[in-house]
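The same chain A turns up in both complexes below, where it pairs with chain B and then with chain C.
Up next, the complex of A and B:
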């Protein structure tokens, strides 16, 4: 039972029945940084945007009221915890579940705003996130069918078949849809145009870290080196 | 050159993203038809012959895993047997209502199996309690968001105006 990728050393593992978490330097670093950022978010207050008015000297402040602040903080903390879980899990199915949780919480963080443009973008992002659950879980199921296991510690010892490559492609496109990376970025970019900065940043951070983690998982499954 | 600029601009419209994503996904799924199937049936949960339990008139027909709760483990296969020694001890637990229903009909197992959760459990039947926690927390977050939006954007809107 050894898993060495990117020149890492296995520091240990946490057995929870059949779900075995493994501790490697990269995962631990991402886990700790996510938890630290979540703590900063939990104790911080939101920004206030100032909109300049045309023709007058008056500025208009866009504030976040208290109930909106509370629900956003709660959902941002849940998003941070889900990201931390996705960083450290050693199990493919749990990883997809964590990514799905991140997707649904991301919609929730911006669902409370009152700008119509932002809500439209969030609606489109929600559509993509819902479609993306099909390749996400489909890819995990396909890898399970072709290897017989979803524990990464076992998959690393098995030879790669073409069906595993296809399953990991499906998994990657599912994660790309849920996190909204490069070609599908427009919906998320529009979602950021609202006050409430530190809570919105967790949307960004979670997608970046999940992409790093999914690349590590794809390297483990496909073993290109 | 202007054509590629137009392409980038069209990708910047949020409305087009779901369609664009669906097209890419559809192409990838079409590729899936030519992928050779390679099933590994060595590690999966062991199953009896397809119609065996049905022919035996078992009320839990495709779903019966045997075993006695807390005394004898059911037929399951865990990934790490040395980490989950008690695996399968509660596999065959049925609530008293379930026992009552299973005595009246022969199709009780079919009704379990026909729910989507039943199929997922069948595929992923290990000692995996953490999955259940995660799945229900996804559902809970969806309800939190939906109920917050319902409370503040529909019911309380009149008061603010």
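Up next, the complex of A and C:
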């Protein structure tokens, strides 16, 4: 099977020494949209939430002060760049590292908020993300052990073995925990309940795009078709 | 199961047979960590126990046992440390918000009032430095630097002569030059490779040892400010 799945065309390679990036329409589209969104975030201002007060007609504004805003914008840009890197990399281990970076930066974006509930949710999410490094790196290491390479362009030519299937399952569990999707989403939903909307949205976008990309990688490794 | 792993013929079968037990060890360590977290109600303890799961991850990566695995175990370690730092920062800021108080990142001066600090530092530091000298290179430098750091930290009550330590900081710079010269000799006069190897190995040994020792000196200066 070719590296291009889902009826794509291979547009070209970028060989950077050991690290070879490959360009296909799906990856390029996700890469470009991440970069575009990151640019929008970099030039946007943060929102102000208005909380309704109970038993009174007064509303309360929840604002983000300037130092917190700067840190949050910087971390959101790092998160966007890490997501863009995870979209286009052709190296399994670089992919896991980008996913881990996304996890750490997600914690950092909400680390400076003032709401105790949000900090509590971020702490729980951080514990899950840290536990998820075991299947994430373990899966990548198992694929490395069973194929002898971490380059997706090489793995695609090798026949699938039991260890590769097991390793890619672990990898998927790791990505799910690190980005906080299906079984682990409860804490992540709580993390959004804080002002500073455009920066918080990168948390959501990164997990969506990483899931699409990890499915592509699993198809490349396991070759079900 | 190990038959499904592609292994070059030069690797001895003993090493190959260690792979599957190592994988199981890593997974079992992770499961033990998860069980401990499940029983734990205290947040701080849960955070510390999460580190055990991270150790399981390192075992899984180390099980591969090739040069590439050695190269990727370092990013794994760094990621784990970064995550534990980020989460502990969250925990601290949450507790500060709850109590309405602020605290320093590293509360100085530390109170380390242990008997071993007064009776054993010379002996232990000597053993660490000699062991580091035998190891040489970066690892040896770290071991010997640990010895110097330990010595300075434990002797700071009695007062270490400041001039001596400042002189040592200069030696660190000169040793770095030795390391660079060693590398230059490698490229210019490859026939003297043994000399170059020893220059580089002991240059970096002295440099790293004194750099790590300097942490102790700076720490001591911080203490004396108080």
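We take it that the second predicted complex is superposed on the first by the 223 of 225 C-alpha atoms of A that agree within 3 Å, B and C clash if a C-alpha of one lies under 4 Å from a C-alpha of the other, contacts with A are read in each partner's own complex, and residues count from 1 in each chain.
Here is the rule we use: contacts are C-beta pairs under 8 Å (C-beta built on N, C-alpha and C of every residue); 3 or more make two chains touch, one makes a residue touch a chain.
Everything numeric in this text was worked out from a predicted model, so none of it was measured.
When the two complexes are overlaid on chain A, chain B and chain C occupy overlapping space and clash. After overlaying the two complexes on the shared chain, residue contacts for A:15 are found with chain B alone; chain C is out of touch. Contacts of A:120 after superposition: both chain B and chain C are touched.
Applying the stated contact rule after C-alpha superposition, one finds that A:62 touches neither chain B nor chain C. Judged by the touch definition given at the top, the superposed model places A:148 against both chain B and chain C.
Looking at the shared chain after the overlay, A:133 reaches chain C, while chain B stays out of its contact range. Comparing chain C and chain B on the residues of chain A they touch gives the larger count to B.
After overlaying the two complexes on the shared chain, residue contacts for A:100 are found with chain B and with chain C alike.
In the superposed pair of complexes, A:75 makes contact with chain B only, with no contact to chain C. By the touch criterion stated above, A:177 is placed in contact with chain B alone, chain C being left untouched.
Of the two partner chains, both chain B and chain C are touched by A:163.
Chain A uses residues 93, 97, 100-101, 104, 107-108, 111-112, 120, 127, 131, 134, 141, 144-148, 150, 158, 161-163 to touch chain B in one structure and chain C in the other. Interface residues of chain A, counted against chain B in their complex, comprise 15-20, 67-68, 71, 74-75, 78, 93-94, 97-98, 100-101, 104-105, 107-108, 111-112, 120-121, 124-125, 127-128, 131-132, 134-135, 141, 144-151, 154, 158, 161-164, 166, 169-170, 173, 177, 183-184, 186-187, 189-190. Residues 11-18, 20-22, 24-25, 28, 31-32, 35-44, 78-80, 83-84, 87, 123-124, 126-131, 134-135, 137-138, 141-142, 144-145, 148-149, 152 of chain B touch chain A in their complex. For chain C in complex with chain A, the touching residues are 1, 4-6, 19, 23, 26-27, 30, 33-34, 37, 43, 46-47, 50, 53-54, 56-57, 60-61, 63-64, 66, 68-69, 72, 75-76, 79-80, 82-84, 86-87, 89-91, 93-94, 97-98. Interface residues of chain A facing chain C in the complex, by the touch rule stated above, are 93, 97, 100-101, 103-104, 107-108, 111-112, 114, 116, 119-120, 122-123, 126-127, 129-131, 133-134, 136-138, 140-142, 144-148, 150, 158, 161-163.
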